[in-house]
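Down below are the structures I want you to see.
Both complexes below contain chain A, partnered by chain B and then by chain C.
What follows is the complex of A and B.
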């Protein structure tokens, strides 16, 4: 342990603090807050009640003001800690507030009203997790249906993406043909065309193919990605051509060369693309929203939009369900990042 | 079986001609070595025989059948690559089996062939390992094993020893020779190392700039090089070349005058007696003796390399550099004057175009 601590806390200025030490700590801690702050806030807030969400100033953790039922009052009253004029502190329940003065009662003596300035009281709060944010959507929101749709779209689209893009990359990296560079540039050029530009023609095509209100209509337009072809092609260029020559001598067909030699050796790049594809497809909102209009076909992201109505946004449900939708992406990343290591393509050679 | 014939084969990459008019016949069971400096086209020639490159012109036949348009896989050849090109994601066993599985061979026979090759090459102990976990020498054996299990008509080996250290190269060379004797299969071997060529080959094909310079047994090439290039390439250390002029002096003899005025009588065939004029005189370092006798040439020592069993002397003869390999140990130092005798040496004469002049027999 002491060695770990020594490693973490060592400084450039041996005895004192060099300015780079200060800068490093500020930079890293600042980065930590910027990276993790939103995620922590999201998880914390997903357990807040709607009232706690609207509270200002906001808190990270979910707090609720304690309430007490006082004799003679129908509703439970909020409890406050009050500093009395003589300096002692006591807990009182607020009946009503008029301007900067609050009328309060002691839970023990419900008839006797005490007037307190609002600056002299602080709410009594305890941490409380509103787990109903999670449990309720599962019962009255068709979560399992949406989850299944999302999983189907993500898994299918990712598998097709990997196969289609790796085939294109194989041809563009390992076959010599006229117009190879032009084809690659053409594919890369499509990176410059945003979805909003091609949305209408794409919709016409999907509709003409009868894929409107069909999950395949969400999957198929997204599977060929220029980014994927580019990542895989650059990686395949590093696989030595002699391996392919050797496979040809070994009577391997072109398909076998692709399937049994090139694909296994491209695993690190495939893992990267798989992560990208899963994140893209899982978080897709606009395109599924356009293609899917029947509720039972909604993906999670589209389904979540049910909670933001025109007049009322149910943030507590949105936050809770956002946390749930994040979990698979995080799991995929943790699982696949093992494969993002340096390739082994060169290890069979001298 | 493994009879390969090339007729007027040419190859160009775009506008660049890399092989010109190659005519070559390789007999069944022969061990042929392609040798030449880097960039001479020897690897391209091998890849063309393998089917990995297509000839631009000419005809390539294996066992009498023209195979210009037959894909590599169907030519029945196996190749050992310079980089070994083992499949890194497969175990040694899978590497050996891959080519056999592709021919839909029954599993039992695959296992039998792998077992046999593994025994022959002594790689049984690491059949389950991946290439990344093997040493250079072990990978090299696996690469050869992958060729052996195919039972090919001919083996094509592209500088298979160039990635091994000197000691391992020596022993593997001997094993290759033994393997050839045992399999008695045709082997075509590409190297730029003339020692490998001399020790392994039944016949050597010397290539330069896309042309065959000479084809012959190692000793033919050593004793009767067709031209100055072959003479300089074959033999280690390489042959000394001394500039001079030639004058005919009666039937069957001529007088060569070296720069510096020293004269030598050389026997020469009658037909070539007309080759009077500037010539190059070639003599191997081993054939020069340190001898102060009659008609010896004065020389000045520039460098002495004592190897124990022999001494390599770098010397100057009238401004021309000369190398002498003298057996035994000599007490000589830089700057010493010595006298050299060529009287016992077979002398090669090359005309001003580098072509060898035949000597009288």
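What follows is the complex of A and C.
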């Protein structure tokens, strides 16, 4: 046991706890709570009923007050555990509350009303997961449509990004032509032109092309990403030119060389770009917010933000939809994190 | 990175799925051979570059240039030919101020409020972001058990969408939220943090750091791991104290990465929009209204939209960003010369 502890809390130097060791563990454990806590709280809250969400102080787990149907009453009544004057405890159902006095009936004897001070009763609660928070948006709202729009935008934009940028990277890495450096510089220079700078004229161009309120208006402006060309070109430069020369001898067309030789060899870099592209396009917000004004075209991000900005926010649905929106990215995080972290460390590009 | 020949082939299912794609590619090969005969092998470079350049041209370069034209026109019309030329009037309006430190004395007071807010935000967010990610990177660079787990902990929020980030924190900071729950346990009354001007500003700073810190930590960690270990061993043998080793070895060798990170954080902080828009919507009042939201609302969202004014403001922001990017490129080149990876 002590050897395990020694391994876990490996310290600087040989003896005693240096202050940096204490600080390290305080920082790490604190970080664990601050980084994961909010997301865990979100997921936990998303299973609570609207009544439980309005409670303060909130409970960690989702609870609901038990109800019982009592003869003579239309609606199910809330059950409470009541301390009777003689000190015994019974379970009664509340009919109505007037000030600090509650009128209650026993489920067994529905006719006899008992008056109880509200301080002397506690609700009977059981843990219950409000899965209707998830199922209802899927059936009653446009949620499925938003989901579909987001999936369509993400998949289409990623496919086009891969094809268009790999073609450009191929031209820029394997051909000698006049203006090659200029084209490369031009592409890199656009890193300086973020969306927030050109959104007004871009909006007019997209409108002029008839792409306003059209998912293609969301997709097309994003697909020619300088980052993509940059990553792919760097990778293609490492592919030996002899392979291409040999293929040309065998009468392969340039298209075949691109498609049959270059693309398969660039697969690792394409995978990195595909992962990035999926995360980018899934998370895009400002541009879809500008281009899409019709409800049925909203992506998940736009739909979520619009619904959450409404006057009476239905938090139970918002929370559940937020969790669903998180899922693809969390999956990417769990399974593909390695690719992303090496991609960032290698290029410094997000 | 090195190109390897991919090992093994896909499953038979994957092969079957690829069959139509193969067929399509084979089908377009014939017309492309004809194109190749017309253009020559060198000319095919143009063909490969064309789709990318076309999209670039239409959706990045063209808007970039007509943005200048926009900023010199007035009225509410969307398309450039319908707009009237007003010269530098929009810029004059943005800069029409009796006293630049007091937004209320300006003709376009929301613009100056947004500029002031953004300046404060950038100052606070950038310095705290650098501090926190540097500390985290230094800690993750120590001999830790399960280092990749701890790295993942801090990296996790980076991938979340800004909307999700905004909603998570809106939920935590609201009246029945987790923060008030924690404070209630300590004996405090619940408080509506996002209705308070100062607290909501602090929330936008904190939340944006929470969401992006892991990204910069990762870049700094890569820089730390590139520092040769024998330098520290030599320092230890000479009896150098750890604090001195940090100032004399770690910091100077990390400097190229650190400078790049500082500029990256700056560039992104100036453009902050998404998570703030969801979290506070710029409010309460205009206390968290930042420059991108000002451009968005002036150009699109308000009743009296004014694309010309929005374009002028966006060009001013663009100028700041260009300067910052050039600084970054300069620093990156300097870093490369020293053999450090950008």
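Here, the second predicted complex is superposed on the first by the 198 of 350 C-alpha atoms of A that agree within 3 Å, B and C clash if a C-alpha of one lies under 4 Å from a C-alpha of the other, contacts with A are read in each partner's own complex, and residues count from 1 in each chain.
Definition applied: a residue touches a chain if its C-beta (ideal position, glycine included) is under 8 Å from a C-beta of that chain, and two chains touch if they have at least 3 such contacts.
These numbers were taken from a predicted model, which means no experiment stands behind them.
Colleague: Let me test your reading of the model: by the given contact rule, A:265 touches which partner, first (chain B), second (chain C), both or neither?
Modeller: After superposition on chain A, A:265 lies in contact with both partners, chain B and chain C.
Colleague: Using the superposition on chain A described above, determine whether A:84 touches chain B (first), chain C (second), both, or neither.
Modeller: neither
Colleague: Look at A:256 in the shared chain and tell me whether it touches chain B only, chain C only, both, or neither; answer first, second, both or neither.
Modeller: Both partners, chain B and chain C.
Colleague: Counting residues of chain A in contact, which comes out ahead: chain B or chain C?
Modeller: Of the two chains, more chain A residues are contacted by C.
Colleague: Looking at A:242 after the superposition, I want to know if it touches chain B, chain C, both of them or none. Which is it: first, second, both, neither?
Modeller: Only chain B is touched by A:242; chain C is not.
Colleague: Touching A:51 in the superposition: chain B (first), chain C (second), both, neither?
Modeller: In the superposition, A:51 contacts neither chain B nor chain C.
Colleague: In the superposed arrangement, which partner chain does A:185 touch: chain B (first), chain C (second), both, or neither?
Modeller: After superposing on A, A:185 lies clear of both chain B and chain C.
Colleague: When the two structures are overlaid on chain A, which partner does A:331 contact: first (chain B), second (chain C), both, or neither?
Modeller: In the superposition, A:331 touches no partner, neither chain B nor chain C.
Colleague: If I apply the document's touch criterion, which positions on chain A are contacted by chain B in one structure and by chain C in the other?
Modeller: 248, 253, 256, 264-265, 344-348, 350
Colleague: What part of chain A is in contact with chain B in the complex they form?
Modeller: 240, 242-243, 245-253, 256, 260-261, 264-265, 344-350
Colleague: Chain A touches which residues of chain B in the complex?
Modeller: Residues 47, 50-52, 71-74, 77-79, 81-89, 95, 98-99, 102-103, 130-132, 136, 139, 146, 150, 163.
Colleague: Tell me, which parts of chain A touch chain C in their complex?
Modeller: 7-8, 10, 12, 20, 23-24, 27-28, 31-32, 34-39, 41-42, 45, 53-58, 163-165, 167-168, 170-172, 175-177, 180, 183, 186-187, 190-194, 196-209, 220-221, 223-224, 229, 234-236, 238-239, 248, 253-256, 258-259, 264-269, 279, 282-283, 285-286, 290, 301, 304-305, 308-309, 315, 318-319, 322, 325-326, 329-330, 332-333, 337, 340-341, 344-348, 350
Colleague: Can you name the residues of chain C that touch chain A in the complex?
Modeller: Residues in contact with chain A: 1-6, 25, 28-29, 32-33, 36, 41-42, 44-49, 51-53, 55-56, 58-64, 66-67, 70, 78-80, 135-136, 139, 142-145, 150-164, 166-172, 175-178, 180-181, 184-185, 190, 210, 214-215, 218-219, 221-222, 242, 260, 264, 271, 273-274, 277-278, 281, 292, 295-296, 299-300, 307, 310-311, 314-315, 317-318, 321-322, 325, 341-342.
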